[in-house]
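Two complexes come next, and they have one chain in common, chain A, joined by chain B in the first and chain C in the second.
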Partner chain A sequence: MRKRTLKRCLTAFWWITLVFLYLPLAVVVLFSFNASNSAASMTGLSLRWYHQLLGNEQIMAAFGNTLVLAICSSVIALVIGCLIGYGMYRHRHRKLGWLIVLIYLPIVLPDIVFGISEMAFFVQFHRLTGLLQPGLGTMVIAHVTFQIPFVALIVYSRFVGLDPTLFEAAKDLYATPVKRVVHFMLPTIKPALISAFFLSFTLSVDDFVISFFTAGPESATLPIYIWGAIKKGVSPEINAIATLMIGAVAIAAAISLLFSRKNQHSRKRQS
Partner chain B sequence: MSTNNIAVMGRSQGMVREARHLLFTVAPGALWIVIFLVLPSLYLMAVAFMSNGPYGLPQMPLSLNSFKQLAGVGFLGWSPGNLYTLLRSLWQTLVATGLVVLVAYPLAYYITICRAKWRPIMLLLVVVPSWTNQVIRTFGWMNLLAPGTPLSNAAEVLGFIPPNMGLYPSNFAVTLGLVYNFLPFMVLPLYAAFEKLDTAQVEAAQDLYARPARAFWHAVFPQTLPGLLAGIVLVAIPAFGMYVIPELLGGGKAMMLGNLVATQFSGGSNWPLGAAGAILMLIATFIGLFAMRRIGKRLGGGEEVVI
Partner chain C sequence: MTDLTNAVNTTERLDREEARVAAADAAARGKRGASSIRMQGLRKQFGRDSIALAGVDLDIHAGEFFTLLGPSGCGKTTLLRILAGLEEADDGQLTIGGKDVIDTPPHQRSVNTVFQSYALFPHLSVRENLAFGLKMRGVAAKAREAKVAEIAQFIQLGDLVDRRIDQLSGGQRQRIALARALVCEPDVLLLDEPLSALDAGLRSQLQVELLRVQKRLGMTFVFVTHDQDEAMVMSDRIAVLDDGHIQQVGPPQEVYERPANAFVARFMGHGNLYRIHRRDGSRLSTEIGTLQMDGDSQGELVLMRPETLDLKPGHVEGPNHLPGTITERLYRGSHAEFRIRIADTTLQATVNNRGRRLPDVGDEVTVVVAPEDLVTLSE
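Coming up: the complex of A and B.
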């Protein structure tokens, strides 16, 4: 009897927390369709803020920057991180403590310290050599730095999950190391590579603090543009861009749900 | 040459090959992190010990001025502003982490007692808001807590805030924003701990006529402790260095250490002071990690605590 009341309380608590979690997002979506300028009251539905978005060159440029930054940095991080992940697996019996510390460093360092160190470094480097002017280039470098650890850890854990005899078999089957990589290694870790790429991409789009401090005057991304707009005084357009970004996340969530369902089913079939 | 020698040579050649392999796979990433993160942070630490030049850039005579300034010593004598900021950061971190634990603990437990087929969806529902950009989420709270909104009006009627004052900007709004931001980070490790829970211990406690509270304290709580500690690390460390939330929801009177540091760089006013603040943040981070590892090891759950 008491157990049942406990469960009922918990159910209520669960729904309250869900409201808490989704209320701020719902408000943004709702106000993006607001007909009036006011941020405090809804007067009617309209799509005028979305029309304004399309005409706003700054927003379109920021959107382009966000995509270029996320794709470039994820590709570079995928290559470098994948190599490290494999190296960590292959040499896991050695003492690689320093490497582990190095890989965890970008994860544990507070964002603000991360961003400011890079900014101070790039500014001074640019003053001394004239290279690495703050802009998309420096942002890509900074993003790759925080993406590498995640790629490396995902790839490493995929290798650890494999049967070690597979490597022997591949050695017997394929004479050259190149063939081994192309026909055995890459296909087996493909799922890890895909999820590492998507995680890197999401981390890049999600990041604000590190981008903010490494950006140049021409390389604002969407989060940086939104930040600036909020600071200048809230414009209803922000709700519209934010809604589109929330929509992208919702799609990503749906895809990941489908994937996990599929995995569950295939696992069930196997067992 | 004896066969023994060949074997030795073969082995050493193999070792050379292995070493080269290690170099080729690990070196690019390791170098990348060293050049673009370790060197910059070392430079930042050095900046903290330099003196402040014109335009806020660091200059050569080494000095400890930045640390004195951080403690509040300025041109006009001592003022407590920076110390208040430090204390506020600690206090906000403490309160937010505590509240996150209070919300996440029952939530994680509830997810584990629901039907297995719902659990992945429930976890996803908890995590999805944190996939949206931090600036957008915080902007959502600005919309909700601004003066004239239903929540602000309700707080006004109940007498929590003076009229026409909105719930934001305020310290309360910052705490709320922190709890909102970090809730998923606590739910996930706690859920993992609850899922592995050994129910035989709980049954044993019940068989021995332990009252529910006692059974919980002795049979359930210790088992979830590694997850709890992992969650605390994941919440408290980034919360202490938080920049976006206090900047948007707090206003001038709710500044945290992250804002103090950032202003010194973005306004270009005083790099050494900002760097000194960053060092403080680093020290706090490493103390936190180290303490959690120690406690975690004593509990025998050392691996999980390091993420």
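Coming up: the complex of A and C.
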């Protein structure tokens, strides 16, 4: 009897948690379809704010920036992070203590510290060399920096989960170094790469603080635009942007999760 | 009537099958020229003080089933890895089929390995695993398919080729790994304890299969194992390794019956080694008693193999008759093992169970050994 009550309480607790997490999101999504421009009352459903979004050049530019930034930084981070992950795997038997800490540091460092240091660096660099004017370029560099550790760790953990003799089997079966990469390593870690790409993508789209400090006048992303617009009050338009972002990030995160599951699954099967 | 017809048909079919297999074998042998291996002064050291190979000289003949036998850490796997090119020797010469390959990277050696963990690629199907080596060598897709089909038939993989790797059992993986190495038609096939992960029944079944494949192809096989029974069943010749040195090379019978030293004797499972105190011509005075040998002998130890000993009830006098008491009996069905106390030491004897009464613990017996069955050796 008491066990059942406890179980009911836990179930209730679970639902309350979900409500706390997702009710605010649901409100945003709901009001993005509001027919009136009052944030207080729903008068009916309409796609009016979505239409308005499409007509707003600033928003479309910010949307474009966000997409370009996310794709470019994720691709670059994927290449560099993949190489680092493989390097960590190859030299895993050596004492790499402080090097590993350096890889992890950007993950635990507060974004604001990271953003300010990036900004200070870019300003000084620009002053001295005339290169790297704040804009999309600097933002891509900043994003790549914080995405790399995630990619490296995902790739590393995939390699560690493999039977080390697979590398030798590839050599033994006449694969040259290039063919080993193309026909063995890349196909084997493909799920990890896809997962890492979409995680990087999500991180980039989500980021506000670091983008804010490294952006130039022309390179506002959606989070930066929202932050600027919100000073004038929450408009239904922002609800629509937020809804679209929730959708995009949810899809990317779902893909990342799906492939990291697949990654773990194939590893489990192997052992 | 139908039964008879069926039986006749079956026999005919079997005959035809046999003829087809023989023809395929002849073709396979003609295609693959077996290669010999020559190793001279191979040395390998890991770190500062771990010597894996301390100068190994070894000749492996073309078409031979050769086994590297030894306890773990004896250097046998290192030697195999040097043959494969996966490990570089610090010093020494290595030729395979007359070609110097010491500096050849593994992907350029016509040598394939069956790994202990099988090392099948998880991202590929069985068929793609089988074709991997051919693909890397640049064999066209059509020819690859034909070769994979041929090897699948040869190893009798049946419908296994259409499975995923994770759908295979240990024994099936082992056979796929073997087929994947054989399909490349290497000069030499290396096998790194390929059966050690399998249970006893499957293991002996695959031992037979492996042996059959090797005889049919006439390919040079180098097999690594720590199991002396397996080594004896499979090999044309065995090299026993310990501590980076080759202790003895020879056919199984020779290694088992005439071990070159005490290490080989103990590793082949012999426990009855006794110190020789004094020599008087062919008469040996040992810690277990006085023994008469055939002719002269060398070395400070004498070996009495348990299965060469006869047990007589009671204490009987005579040459090479050793009186003792049974302290332990292990009944094993087909035979029984006895531990017998003689003088101040113990002796093991194996007696075949031929239906006669087997002695019991506490019985007084006399152990009789023929002079020609005694072997002397050094530490």
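The working rule: the second predicted complex is superposed on the first by the 247 of 271 C-alpha atoms of A that agree within 3 Å, B and C clash if a C-alpha of one lies under 4 Å from a C-alpha of the other, contacts with A are read in each partner's own complex, and residues count from 1 in each chain.
Assume contacts are C-beta pairs under 8 Å (C-beta built on N, C-alpha and C of every residue); 3 or more make two chains touch, one makes a residue touch a chain.
None of the values given here were measured: they were computed from a predicted structure.
Student: Figure out whether A:Leu257 sits in contact with chain B (first) or chain C (second), or with both, or with neither.
Tutor: A:Leu257 sits against chain B, while chain C stays out of touch.
Student: Looking at chain A, does chain B or chain C touch a larger number of its residues?
Tutor: Residues of chain A touched, chain B against chain C: more for B.
Student: Does the superposition put A:Ile226 against chain B (first), chain C (second), both, or neither?
Tutor: first
Student: So, does A:Gly161 touch the first partner chain B, the second partner chain C, both, or neither?
Tutor: In the superposed model, A:Gly161 contacts neither chain B nor chain C.
Student: Using the touch definition from the top, say if A:Gly55 reaches chain B (first), chain C (second), both or neither.
Tutor: Neither: A:Gly55 stays clear of chain B and chain C.
Student: Which partner does A:Asp111 reach: the first (chain B), the second (chain C), both, or neither?
Tutor: Touch partner of A:Asp111: chain B, not chain C.
Student: May I ask you to decide whether A:Pro187 touches chain B, chain C, both, or neither, giving the answer as first, second, both or neither?
Tutor: second
Student: Applying the touch criterion given at the start, work out whether A:Thr145 contacts chain B, chain C, both or neither, answering first, second, both or neither.
Tutor: The first partner, chain B, only.
Student: Chain B touches which residues of chain A in the complex?
Tutor: Residue positions touching the partner: 2, 7, 10-11, 13-14, 17-18, 20-25, 27-28, 31, 39-40, 80-81, 83-84, 86-88, 90-91, 94, 99, 102-114, 116-121, 124, 141-142, 144-145, 148, 152, 202, 205-206, 208-209, 213, 222-223, 226-227, 230, 234, 238, 242, 245-246, 249-250, 252-253, 256-257, 260, 264.
Student: Hey, which residues of chain C end up touching chain A in the complex?
Tutor: That would be residues 84-86, 105-108, 111-113, 115-117, 119-124, 132-133, 135-137, 166, 180-181, 184 of chain C.
Student: Quick one: in the complex, what on chain B touches chain A?
Tutor: 18, 21-22, 24-26, 28-30, 32-34, 36-41, 43-44, 47, 103, 106-107, 109-110, 113, 120-122, 124-126, 128-129, 131-137, 139-144, 146, 148-149, 180, 183, 212, 237-238, 240-241, 243-244, 248, 258, 261-262, 265-266, 271, 274-275, 278, 281-282, 285, 289, 306-307
Student: Which stretch or stretches of chain A touch chain C in the complex?
Tutor: Residue positions touching the partner: 163, 165-166, 168-176, 179, 183-184, 187-188, 190, 266, 269-270.
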